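Chain naming follows the written order as A, B and C, and within any one chain the residues start at number 1.
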Amino acid sequence: MNMQLDMRLSRIIELAPGIREFWLCREDGGELPTYSGGSHVVLSLPLPGGIQRNPYSLLGDPADCNKWRIAVRRQEQSRGGSVWLHDSAQEGQALKVSMPANLFPMARLGRHHVLIAGGIGVTPMLSHARELARLGESFEVHYAHRAPEFGVLADELRTLAGPDLHCYVESRGETIDFSKLLARRPLGTHAYLCGPQGMVEAYHRIASEMGWPDTHVHSERFLAPPPGAPFTVRLAKTGKAIEVRREQSMLEAIESSGVQPPFLCRGGACGQCEMEVLDCDSSLLHNDLFLSQADRDSGRKIMPCVSRVTGGCITVNL
Amino acid sequence: MGIAFRDETFRDTFTYRNSDEGIRRFPFPFGLDQYMYSVNIEPHTAGKPDSVYQYAFDIDEHYIAECRDRAITLEKDPGRCISLPHMMDSEWDVLELIMTSLSRDYPEHFALHRDGEQWTWTNRPLGIEQAFVFGNAQTLPYPPFEYITRQTQGDFVIMDHRDGDLWADAGMITSQADWSLAFDVGMSFKEWHGPVPRAHEIGVFDRALKYLLMLQLGNPVRRLNWTMTVNPRLDTAPETYPDWGPDRTSVTLDNVAEKVHLRVELQALFRLPRSNGILFSIRCYMASVGDLARYPKWARRLHRVLRDLPQDLAEYKGLVRYKPAVVEWLSRLDDGVPVPPGTDPE
Amino acid sequence: MTAAPSIKSQPVYHAIDWDQTGVEHLLFIAADDPATLDRLLANRPPGGLTLVVAAAEAAERLGVAGVTARMVIEQNATSALHALESLLQQATMGLRLYLVGPEDAIWQAAAVATRYGMSSAEIRLYQTGTKARPVFCVHCRAMTRGVRTNLADCSGCGRTLFVRDHFSRRLGAYMGFQIDAEIPGEKPPVETVYP
């Protein structure tokens, strides 16, 4: 069961062209629970075509029990969630929001923490920086953005990290060199990155080449469910057949039919929504980060939040 | 809703007794005539009124006496409460969770007033009035986890969630069924469950761990565990085994009804907000075989479960010496009539 | 190969080999095991290699063999652990640690590495040499080392302890509890189980 809170957008702030900060408050004015650095919440966005559920990192102060803060970049090539938040959402808009969940926690036994943010990936890094500063832990922040005006929230980072904040402005030709950044770090250093896919891939590749173990190399990547050819999903236990539209994820289609399967990250990383495949007359398209190759090859499991089939009909054990 | 707190002992004189209500609401764990391990987890939602499942943390007639017994155990052995250095955030999480739960669920006994970080906690049964600064351990007489668990029934383990596993990195353990916190602290989920027979092979801990890693804020879960104890003794730790071990040889057919107790643990698991850890509460309930047998359904069921309990489980639960006497005593109450599935007394 | 342990906390040691994902390697040797060590050193991993040797026979044999690696030779396990700590203080991410020897030494070494933030992904352990166990007395919390028998007298309180297979990595020891707590004096025969 996924608990949802009735909330409203209490404030919208333009941080930069195409980047907005949103404040969320409880509809009943009550207190919000606190949360750990790296947590995200899932917003149920009332798009014209149906509810779309997207995860967003909480960037504010966990001790602030009156509001939650998220920041969203407007993405043209998307399924419409960020566009709706930028173009249609107004202050006062009511929204259902999940409880905070954390798939990107800080490593409490780390001796030093290197936080790396690319663009809007600064949002979880801000919450990590808050927590590390509060605990008096040793950390540094590296924040890469397109141009000076896109260095949103850098002033808050500066307050937390002081001289240990380093900014890299792409328009000035400044880029993060992972092989320098990760070199000669004492044992027990943990690295964390949130940013665009290319950046995440380069980071993992270079960290691995430099001998860093996976246990010390953390990243957060929310995959947006990629669109694809429409298909039908059949729920074996009820016989219900549901159409999955091009821009709709399989999970969203099932939810729109009134069924509430479990979910957590909505981005193919956590495994919570895993479903058993009983039959499929086309091919499975695995877009997730969770299933092993063996699981993928078996054809018996699928992550409906991001994965699809190439057409026809898939039957799941629901 | 008044609770008539009892004045009783869990050692030496063993004056512990259950009222009739205490027996009626006892969490009898056997729904079938045969027992085997399972991932018997269910949501820890508000249960039936006046049941042990009604509230997040159950306070009953034994509250004051149990807190007193815990204090005695800790006086003799402070090493029953351990918290590894990185666990302070989780300690505050637990203090907040227990204080908000108890003050919400038992307003006539507990109160919590919060003004920013200035908190005032009132515990009427124990006569405590404590003003403190939330987040500042200097303002409490004990570290936060020890402070609040000294005022709550049951044992507690705080698990740290890291590296895709759960680690028992803090605990207040004074009513355990024979495991040592001093030895087990710092172990991973499967390591500290290491000694449990059979369960690993049938995948119980793999599934339980996978499930618990996904535990979410606001969605706690619970399950039951059980063993037996001779005399209503809370402190049955390995540390004090020489004190209670000999009791196992003192059971006869004449004293089974009063001496041998079914010991049930109501275990609940709560995701914690600041630390992202998990609180594991282990609430211990004891009822004598004689008291349980007042309900014919329970007498029959308990007889059958114990009679057919596999030997390795009996050994692991420490029942071997006195189980024959218990089975013999209960057999006289078992007429073989089928008992429907379920744990209700009638 | 030994059978799977009955208690799942008991460590299982697999044949040790270099971790090719590391770029620097530190081999800590607390007992000579020619088969294992010769195999490892015949097939060096890429990257730097340091040996910390706390076993006299191994040091002599490896020295004679002209192993081209940085060698730190110590007289006993305690000074070897200090040497290890000094090396870890200066070490950087990318290091892999290999601990070869009796359980007492290798788990104490693992505890040092854990204090420096190393995870189990960076540490490999291999038990060789004596199978003697360090035993943690659950009653008085004293450690009794070098136990080769199923029962041992606690060095702290004198109780006769049964040596369980339940193992704590943090303590680097097996659990011991009084064997005759229920019926004082009733003890099974003593057997050498961990030679």
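We take it that contacts are C-beta pairs under 8 Å (C-beta built on N, C-alpha and C of every residue); 3 or more make two chains touch, one makes a residue touch a chain.
What you see is a predicted model, and the numbers here were worked out from it, not measured in a lab.
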By CA centroids, point me to the most central chain in this structure.
B
Note: of the two pairs B-C and A-B, more contacts are counted for B-C
Whole-Å gap separating chain A and chain C, where each centre is the average of the chain's CA atoms:
42
Between chain A and chain B, what distance separates the C-alpha centroids? Give it in angstrom.
38
Touching two or more other chains, which residues of chain C qualify?
119-120
Using the touch definition from the top, which residues of chain A touch two or more other chains?
109, 215
Would you please write down the residue numbers of chain B that are in contact with two or more other chains?
163
Using the touch definition from the top, list the residues of chain C that touch chain B in their complex.
6-10, 119-120, 136, 138-139, 141, 159, 164, 166-171, 175, 177-178, 181-184
Within their complex, state which residues of chain A touch chain C.
109-111, 182-189, 208, 210-216
Complex interface listing, chain C residues touching chain A:
21-24, 47, 88, 91-96, 113, 116-122
Interface with chain A, chain B side, in the complex: residues 43, 86, 89, 160-163, 214, 216-219, 273-276
Listed in rising order, the residues of chain A that touch chain B in the complex are 1-3, 33-36, 39, 62, 99-102, 105, 107-109, 135, 215, 264, 270-272
